[in-house]
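So, here come the structures, one by one.
Each of the two complexes below includes chain A, the first together with chain B, the second together with chain C.
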Partner chain A sequence: MKHTLLKAVATTALTFGTWASAHAVDLQFYFPVAVGGAAAETIQSLTDEYVAANPDVTIDAVYTGSYQDTVAKVITAARGGNPPQLSVILSVDMFTLIDEDLIMPFDDYLPGEEGKAWLDGFYPAFMENSQTGGKTYGIPFQRSTPVLYWNKEAFKDAGLDPETPPATWDEMVEYGQKLVKKDASGNVTRWGVRIPSSGFPYWLFQGLTTENDVILANADGNKTNFDDPKVVEALQYMVDLSGKYGVMAPGIIEWGATPKAFFEGQTAMMWTSTGNLTNVRTNAPFEFGVAMLPANKRRGAPTGGGNFYLLKGATDEQAQAAVDFVKWITAPQQSAKWTMATGYVAPRAETWETDTMKAYAADFPPVLVARDQLEHAVAELSTYQNQRVTSIFNDALAAAITGQKDPEAALKDAQSKADAILAEYR
Partner chain B sequence: MTSHRSVRFRRDWIHGWLLLLPAMVFLFAFTHIPAITTIINSFYSTPRGRREAKFLGLTNYERLLDDAVFWKVLGNNLWFALGTIPMSVALAIVMALWVNDKMAGRGFLRMAFFTPTVLPLIAVANIWLFFYTPGFGLIDQLTSSLFGWSSVNWLGDPATALNAVIVVTVWKEAGFFMIFYLAALQAIPVTLTEAARIEGASRWTIFWRITFPLMMPTTLFVSINAVINSFRLVDHIFILTDGGPDNASSLLLFYIYETAFRFWETGYGATLTVVLLLLLSLMAIGQFFLFDRRVHYK
Partner chain C sequence: MTGRPFSLDQTLNTLAAWLLALMWILPLVYAVWTAIHPGAYEARFVLTAPLTADNFIAAWNAAPFARYFLNTFLLVTLILAGQFLLCTLAAYAFARFTFPGRSILFTLVLLQLLVMPDILIVENYKTMRLLDLVDTIPAIALPYIASGFGIFLLRQTFLTIPRELDEAARIEGASVLGILWRVYIPLAKPTYLAYGLVSVSHHWNNFLWPLIVTNSEETRPVTVGLSIFSAIDSGIEWSVINAATLMTTAPLLIAFLLFQRQFVQSFMRAGIK
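Right, the complex of A and B next:
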């Protein structure tokens, strides 16, 4: 009796096993989380939902730390001959990944008119960092853009209209000077504005350069314009915010402490990612507003965040399954869930047309600011050997912000170093 | 007879090697082979995608000599070592002497001094990050309410960033070294100090003539550890400053990490690692051969 039972179990297991291996496609998918909270759980639950609805696919979603950790793990895994099939990596790492020969374009798995139409459904500002040489290497997913947050109570306190954020550089300085508050001994207790500059100052600085109508790197990723006079002018403005105009704290300003400084009333305005939207909404003890970054020659902002990449080493079957999953997770219902959980900008216009998103936006209009800013947004700085080139640029910005070099000398120096690196890619 | 002995000898020999084998396998796999591979890689270019690594000879080393950032981080590392080693060793001795005396609350004090060692460096760095925050950070709040100072951007100013990092390191390390000194103090026979006291020696003399010389083996051990740590501890830099502003607080190992795993220039990263290896082995040799002569072992 026991014997027959065992046999039966074994046979069933065997049949099930062969059936599963004949039909199921196994995928491994690495994802980073750059903002705290529900992001990791949301990805996991979305993946589980997909697997439950598609029994012929199993997806092993692996949380791989920060963006930095994720790209390191992907490159290491690929060098060890065992890359995942799919990963979310910074959009700016595209050229690096091409250079490392690790990724393949999505186009082969998105045939015909239908595929093209689907790609056209993404906001063009997000696609700038995702395509090169006529091929699509990245599908926008956790994408963001910086916006200006302002404290309405502080505006009232300073005699400004609490409903009107600064629309230009000059207004930001003018409002900022009114907002700066000092105690009896002359120490500043409230700054006008805070543009964080620790770690990767280039991102918010790119807001300033875009507004000054200059692009930092070409679309081929092999030429930078760091020493363009308009870039110098933008850096001079940023340096002057602390120096000449006295509306921003001097020195390097920490990213992590910036929302806290805003909540504490240490600064009346801050520039930071839309990824902080939910955080600010939960924690700001006062009424706040969200606006597009102020304009100079034009409106402008960089985009930021991560794309889906398809990694080499996947079989045709796996790649097709991965693309189907990406199509599903960026579809309106799933994308809406993701946006509401994190504050990342939904990358497809159709998502904003769903009832859930409409209701969410009606309840919390600031989410629309980021979307509307996309029409002015440009690609985030991205080149071949991206980390190294941006690091050179970051060093130059830090040197100017801390007053060790004047903006022009710092940027000239950075440009010549970047040229030396990028020459071999031209 | 002779053959018997040689068989026996050979068996001992095999036996000996077999006993050594497990340790050797690990030592070679994780220390010697990586070190040799690193030295070999330092003469090659970084392989990227379809481009194979090319033999470059000394090109990577020439680049090193011209690399302003390399010299800067090397200088920073020297300053970091000078700032952390004597300070944390001196603090450790003072703390150990204090909590070695019989007094109320000794256990609590020992625990308090040792706590920083138990905390993970990343967690510690996050706490210090908020201590250092200009405006509402602990240090600024204290200095502004006590002395009316204006806010100081400790981590965001190239003049103070590295020193701020040094303070965190000393705070973290002193408690750890204290434990070794405490053990050493307890191993010193009480009769020696008692005899000295009968002779009328002051506490100061007792410390310099008896306690300190007898703790020399510990000092050697601790200072080797401190030197290694000054090249090895970079975790907190990731959190506190990320090497900035403009590499003002970057150390050699941090720069190696950046080069190899952020910029993915593994070839040049290997070259930098060789420099670190050389520096560390030189220092280890120096310490064992020169310092060792002045250490009294019991």
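Right, the complex of A and C next:
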């Protein structure tokens, strides 16, 4: 029994080891999935479609878990001398990947005016996280941005105009105070707004700092501005939402539970990723609206999500084939399919001009909000030693949100710790 | 129960036991509740909530679970068979033979218990690549087969077996391996059962190493299939996740319930807690 078993295993192994080597160019492509539904299937079917149309290329698309798992797998495979040629990884990991000497720029495989024109076709807000030192290391693919969702019925119930979302910080507080509902014993049954802060609070907080007209890290990824007075002011506002103004539940707010709380009417507004759009559309039992994040000194939001990276170790032929594949999958038809399946923002303006996307947007106008917000959007916080720096920042935010430290002290602390790490990169 | 005098001590003990059992079972009960009801009842516990199998169907269709189950089954069988073979032979040698370097070798085996397997991921990957085994089930299994814990545990068990039995068998003309097979292994059965359970449940649930060393549907275990549900960007669907979790842990849970008595007894005898 054991013998046949081992034999079966060994045969399977052999078949799959030798199977791919008969073709001209073999590519391996790692992709993580961070949204539910058919994301993995969509990537697989797009890849199959490309391979069917291009018989001189084979692409082995490998699902690699979450973004964190994917980075772990890419680094392990590269250290083991077996990196994939292409991988989707968080755009904020660019500096880390450069530092680890794992990726190479796309520019060499995008020659001349044509290449430049193609790069210029992406929304500049997405390219901010994708270029450094005059080179392009990332091609936007599964990108998102946070938006404000509001429950129109709750607005009506609170005597507000259901078609007008808050446009400024002050309005969000004012509306929020009207929207808070308490039962007879004084317990809140409906909060005004919900800004999730578990795990990676920095992302939505970056919405607030951008609106307060301050950038958290420079474009070279080696200096942060955590203790800027405007950052302190933004954090004070966030703390005040649950403290002074009483429009948001106190303490750390869970990401995963936020859409559910919105569906069940426990909050009238929520800030969360556009990646939720399809989920909210399917599951919200009431009419809802989607708006840009409210402004303070300006409009603003971070971008988020993953880019394509080209990994070192690929031959010229493989790299060229990989770039051709990236060009194809970000082209309007394919990009439209991907956006409709997942809710990610199509990263090229021309995609929005296709008939499929126009029809989709006409049927469901909220998808346009994220796109229109892009002109106000900035790069997601990204530095060298990104994991360490963001986790220092996250800890500072959590300390302020839970009331262990006051915002200014927490941010000063975070800045000096980040300085200690980043000094060697300046 | 009537007639027995009331004892405060006993009552408190029973109460505490019930409380612990309840705390242990609650997550499981919640998982079952959410899995068999529509998503809207995730946090609303109404007895009249409609029952549904949709969550299981959705979970089953989200990934090729039939293949993943087969892979996991092959994987844990391969690991367990390899561990039993290697650990038995090594433990027998450490327990009953004297040879130069024995204590150094045994110390090295014990040191293995102190090393977190995660630290070795890159080295293990390099080894698997050298053996050209990347993306195969043996690649997932190999790093775990020479288990320091297994060797240690079996050696301790073998040491408790009286030498007289060993000598009696030798007088009867049994060979060295014959003694192992006829005397030591039968007497260590509870240890094998306990160790087998720990090993199977650990490797059934292992995620990171299988994810890293495999690439294709044909080699990946259920845990990798399960990871597809952790979609943080779009909100977590507890009902589907819990249906998938129940589905993937069901074989272990059922086996445990069926053989519960034997497992508990063997744990007591083998001294693993």
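The definition used in the following text is that the second predicted complex is superposed on the first by the 403 of 426 C-alpha atoms of A that agree within 3 Å, B and C clash if a C-alpha of one lies under 4 Å from a C-alpha of the other, contacts with A are read in each partner's own complex, and residues count from 1 in each chain.
Methods note: a residue touches a chain if its C-beta (ideal position, glycine included) is under 8 Å from a C-beta of that chain, and two chains touch if they have at least 3 such contacts.
Worth saying up front: this structure is predicted, and the values here are computed from it rather than measured.
With both complexes placed on chain A, chain A has more residues touched by C than by the other of chain B and chain C. Of the two partner chains, neither chain B nor chain C is touched by A:170.
Of the two partner chains placed by the overlay, neither chain B nor chain C lies in contact with A:287.
Of the two partner chains placed by superposition, only chain C is touched by A:343; chain B is not. Legend: residue contacts after superposition of the two complexes on their common chain; A:48 is shown touching neither chain B nor chain C. By the touch criterion defined above, A:260 reaches both chain B and chain C. In the superposed model, A:185 makes contact with chain B only, not with chain C. Judged by the touch definition given at the top, the superposed model places A:251 against chain B, while chain C stays out of reach. Once chain A of one complex is fitted onto chain A of the other, the partner contacts of A:72 extend to both chain B and chain C. In the superposition on chain A, contact is made by A:34 with chain C only, not with chain B. Residues 72, 75, 199, 256-257, 260, 264 of chain A touch chain B in one complex and chain C in the other. Of all the residues in chain A, the ones that touch chain C in their complex are 2, 5-6, 8-10, 12-13, 16-17, 28, 33-37, 39-40, 60, 62-66, 69, 72-73, 75-77, 79-82, 144, 199, 255-260, 264, 272-273, 275-276, 278-279, 283, 305, 343. Note for the complex: chain C touches chain A at residues 39, 42-43, 74, 77-78, 81, 121-122, 125-126, 128-129, 132-138, 208, 211-212, 215-216, 218-219, 224, 227-237.
On the chain A side of its complex with chain B, the touching residues are 68, 72, 75, 96, 98-102, 185-188, 197-199, 249-254, 256-257, 260-261, 264, 266, 385, 387-388, 391, 394-396, 398-399, 401-402, 404. By the touch criterion given at the top, residues 48-50, 69, 129-130, 133-137, 144, 148-151, 153, 155-158, 241-242, 244-248, 258, 261-265 of chain B touch chain A in their complex.
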